[in-house]
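Note that chain A is present in both complexes that follow, paired respectively with chain B and with chain C.
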Partner chain A sequence: MKLEIGEVQIEDIKLGEQTKIEDGLLHVSRAELRKLLLEDKRLAAVEMTVARPGDKTRIIPVKDVIEPRVRLDNEITGYPGVTDKMGRVGAGRTLALKGAAVVTTGDIVAIQEGLIDMWGEGAKYTPFSQTCNLVLTFTPRRNLEAHQHEEAVREAGLKAAEYLGKAAENMEPDNINTYDLPAMNKRGEEVEGLPRVAYLKMLIAQGLLHDSYIYGIDAKETLPTWIHPNEILDGALVSGNCVAACDKITTYQHQNNSIILDLYDRHGKDLNFLGVVLTPELTTFTGKVRACEHATGLIKTMGADGVIISEEGYGNPDSDLLQNCKLLEEDGIKTVLITDECAGNDGFSQSLADTSSVAKAVISTGNVSHMVKLDPAERVIGNIGSLANLAGGSGDSFCDDGSIVCELNAIIGSTSEIGYHNLTARQY
Partner chain B sequence: MNYMLITNNPLVIEKQAVLLSNNSSNDKQGDNWQVCQEFNDIWELFSEVRSLLQQDWKLLTHPLPANGGLIGSPFRSLILAYQKAENAGYRTQKLLDEAEERWRKKYQAPTEINNADKVKAYQKLDLWALESSLKELKIFEQLGGA
Partner chain C sequence: MSEKKPRVVCYLNQFFGQIGGEDKADTPPHIEMKAVGPAGALDTELGDVANVVATVICGDNYINEKDKAYSQVADLINSAEPDLVVAGPAFNAGRYGMACAKACEVAGEELNIPAVSGMYEENPGLDPAKRYAYIVPTPDSAAGMRKALPQMAGLITKILKNEELGPPEEEGYFPRGQRKTLFADKRGSLRAVEMLLKRLAGEDIETELPMPVFDEVEPAPAVREINKSTVALVSSGGIVPAKNPDSIESASATKYGRYSLKGHNDMRQLDYRSIHGGYDSVYANEDGNRVVPLDVMRELEERGEVGKLHDYYYVTTGTGTSVANAKKMGEDIAQELKDSGVQAVILTST
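Entry: the complex of A and B
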């Protein structure tokens, strides 16, 4: 399966009359996009704002972030099973508007998600301070339940990203990245003798506002499944998670999964990339047993020598993470776990809620409880008051000088467990 | 099989009849649900679960939520089953210890939350997680006497 992702570099976004791309400037027809988004009768209004890197702008509370793209060579141009009909993606050419993002906001549930700072200290912690963001703030119709509101905003964000992506439809990309991972029996000498490495990707699947969608299917309704990495890079995975800012994996991060990209870089050089297994993080112990047994069973059947396992969220998914590790290590399959830590403000508390002595290679993507102080914003898109309610914030977060104090918990993508984030570890 | 729903969430208590009737199997005999709901706070709920784990009850749902937003929630609904002669209690006891420790650091009593919307959100998210758990258990036929 061969996928080409062509990069069309976007330097800025301007709201205007016509949607087009000229010299790196993405012009967006406000009227046309509004009309498209408000076709969904669950939504009463949408406000559009552009937030640029360096602007003293704070976006809060964020729902999702999506990279605008258009899929060529495929009659499915949108998100299969969500905004478009069902079909397989991951082959052919897709154009991505690099440097641009759609950010959806709006109060959905009181303890929702987090913030993006486009400048200063806060910008260091989120990768979405470096993208030029078209921020969509939605007002729902009255009497919409939170989960209906979430679904409407989720779909609207995807539709907006698809709409913007189409502006690049006839453009020549600035750069093309090719992702070509043939079937196992079609691989040649280049992988002979190399360790066979699989990627086990865990997905939040815990009920309304805590869900992930694979080709539009609620992940908690599925058994763990093998999937070609190109399908993930090309829009088969959509986030429906709404309540954990720092380590929720946004749709943008699924589209640019760092683990997949790194495994591709090393495929045929020092490893043989076998593909991805997606597994749901369920709420019951029986569900966890089922998911872990099936996911690791698939990996064993694939003949993997080693596995990278990434988590989403923390708390009860720590049990899945460790159980997956144990089941594989007991069979002689080496594992590397990627997780964040909930180690208290001082970093001295136990990091994970579950442990195992066989988990020896563990990569931390940061402490969610680490405190940061963020300067006053000149412009707030959304509702700064929501900081009092969201994870990592509180009523005490607001300082007299207008600055705010919060945990990394409150910053979108700050401790991403697939590595698409800014933190690193240094020995000192 | 004997099951217990243990909850301090007023929204779950209000909807318990519908929740449990939708998630029991009528064609299998012997299911028996108890609902334990008289708690002044979440610490009393944990204490009761701890006591039940010493009496051959087993947790079917994980005592921790999946993110920091809910770790401080004052509401929790858990499902247990009576399964004598199983040694499953030890591990879940450890997880319960961890859950309690984490709640201790993040917990906000409902009276300390000066935002009614936040209290409602905690209640709804707990209800939705419980609904998801009941659905999982029904799919796996753990409910209905299996």
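Entry: the complex of A and C
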């Protein structure tokens, strides 16, 4: 399967009359986009704001981030099974508006989103301080039920990203990245003798508002599944999560999964990249046993020598992470785990909710309770008051001078467990 | 005007404090407003950086056996207005090490100032002390004094000059068990790929997160007569009065609340909601009994199947809450329940 992702660099976004890209400037027709998004009668209004890197702007509470893209060689231009009809993605050419992102905001259940700072200290911790963001703040129809609200905002963000992506349809990309991973029996000499490596990607699947969608299927209703990495890069995976912001995988991060990209980089040189297994993080014991046994079973069947396992979330899924590790290591398959830590504000607490002596190779992406102080913003998009209630903030978060104090918990993507970011923690 | 030199107070035992040997181990603490014994040598090492302004001396048995010793030592250290506390070095002397740990705890817990000590790696005082102090590894006997003092002085200098201390192996102190968040050169995914390739090549790797070792808790014996017992509800499900009066955090909780159930038979009669950041709270907000089962408890109470429901329930949020905070909250809640005559607890999680 061969996927080409052409990159169209976007330097800035401007709201105006017509949607088009000119010299790196993405013009967005406010009226047209509004009309499209409000076709969903569950949404009463949408406000559009542009946030640029360096702006003293704080966006809160953020639900999802999506990279605007268009698929050229596939009749499915949107998200299969979610905003478009069903079909396979991951082959052909897709254009990505690099440097641009759609950010969806608006209180849903008030406590389960995070923030993006476009400047200063906070900007260091989130990758979305580096993108030019079209922020969509949605007001739902009155008395809209929370789960319907979540679904409406989730789909609206994806539709907006697809709409913006189409502006690049006839453009020549600035550069093209090729992701070519043939079927196992079509791989040649280049992989001979190289260690066989798989990627086990765990997805939060704990119930409404804590869900991930694979081709539109709620992951908690699936058995773990083998999937070609190109499908993930090309929009088969969508975030439906309202959980702690620091380590939820936004749709943008699924589209640009750094583990897949880094494994591709070494494929045919240092390793033979077998593919990806997606596995749900369930809340019941039976569910955990089923998912862990089946996910690791697939990997054993694939004949992997080594596996990278990434977690999503913390606490409860720590047990799935370690169970996956145990089942693989027992079979002589070497693992590296990626997780963040809950070590308390002072960093002195033990970090995980479960433990296993076989987990000897672990990448830490930082302590979610590490405290940061963020300067007052000149402009807040959304509602700063929501910090009092969201994970990582509290009623004590607001300082007299307008600055805020919160845990990394509250910052989108700060302790990404797909290792999207540079953050780590070490023993002092 | 020249800046005031930082003030260091040293803690020593009876032997290094020049009172005497084992026969003086029961001596209560006292303070001398000068640098005694090794504290003098340390003062010389510190030169212009700081002054050792006082030495607190206490017998090893006294501090380890008398309940009031801790507050006595705390008052004495505090009276000299230190910027930093030095304890020992204690080498491999066990009781002295434990005494030094108490002096370090005074610095960290009571005065909120840094502490420095020196110990041999097997000293039992190392574990309780490292939480509060930077502890230099020393040989197992006092013959190592000459080596230990300059190392301790080096650390003290950096701390008092507000220089950021590097990791333990670079700076020469025992790891304190603190997880520090910082930026690595490479992103996490790349570090993972490189670590895996090393493992596959049979090379040594260094994990970024050594696995924790958990405490084992022995379950309490079964309740014999539940129909005569007072039962309390305790939950990590985050159900609190709507205004969240105690500002309990929606994740990484540091606090718990205690709220009255007196005169109520159903959570739906109360204006309560879930502030928990780790689960879908829609259904808990619809009916709080789903997390704090007050309705069912009242039924059981009425039928005489439980003796009495305790008048208060306790609650916090159990998502991202550090084990250390959870442990502390659990101990406090358990003590309050015991003091209130509660015999059994139903814990509800989410």
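As a working rule, the second predicted complex is superposed on the first by the 422 of 428 C-alpha atoms of A that agree within 3 Å, B and C clash if a C-alpha of one lies under 4 Å from a C-alpha of the other, contacts with A are read in each partner's own complex, and residues count from 1 in each chain.
One rule holds in what follows: a contact is a pair of C-beta atoms (placed from the backbone, for glycine too) under 8 Å apart; a residue touches a chain by one contact, two chains touch by 3 or more.
Since the structure is predicted, the reported quantities are computational estimates derived from the model, not experimental observations.
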| item | value |
| --- | --- |
| Clash-or-fit label for the pair chain B, chain C on chain A | clash |
| Which of chain B and chain C A:288 touches, first, second, both or neither | first |
| Touch count on chain A, higher of chain B and chain C | C |
| Which superposed partner A:204 touches (first chain B, second chain C, both, neither) | first |
| Which of chain B and chain C A:38 touches, first, second, both or neither | neither |
| Which of chain B and chain C A:25 touches, first, second, both or neither | neither |
| Contacts of A:364 with chain B and chain C, given as first, second, both or neither | second |
| Contacts of A:319 with chain B and chain C, given as first, second, both or neither | first |
| Touching partner for A:380 - first (chain B), second (chain C), both, neither | neither |
| First, second, both or neither for A:405, with chain B first and chain C second | neither |
| Partner chain(s) touched by A:76 [first = chain B, second = chain C, both, neither] | neither |
| Shared chain A surface residues [contacts with chain B and with chain C] | 109, 111-112, 146-147, 206-210, 243-244, 314-316, 342, 344, 349-350, 353, 368-369, 389-392, 395, 407, 409 |
| Chain A - residues contacting chain C, complex | 109, 111-112, 124, 145-147, 195, 197, 206-210, 243-244, 258-259, 261-263, 265-266, 270-271, 305-308, 314-316, 334-336, 338-339, 341-353, 355-357, 359-370, 389-396, 407-409, 416-428 |
| Partner chain A, residues of chain C touching it in the complex | 131, 165, 167-168, 175-193, 195-197, 199-200, 205, 207-214, 244, 247, 249-252, 254, 275-282, 318-325 |
| Chain A residues touching chain B - in the complex, by the definition given at the top | 109-112, 146-147, 204, 206-210, 220, 243-244, 246-248, 281-288, 290, 313-319, 342, 344, 349-350, 353-354, 368-369, 388-392, 395, 407, 409 |
| Contacting residues of chain B [partner chain A, same complex] | 59-72, 79, 92, 95, 98-99, 101-102, 105, 114-115, 117-118, 120-122, 124-125, 128-133, 136-137, 140, 142 |
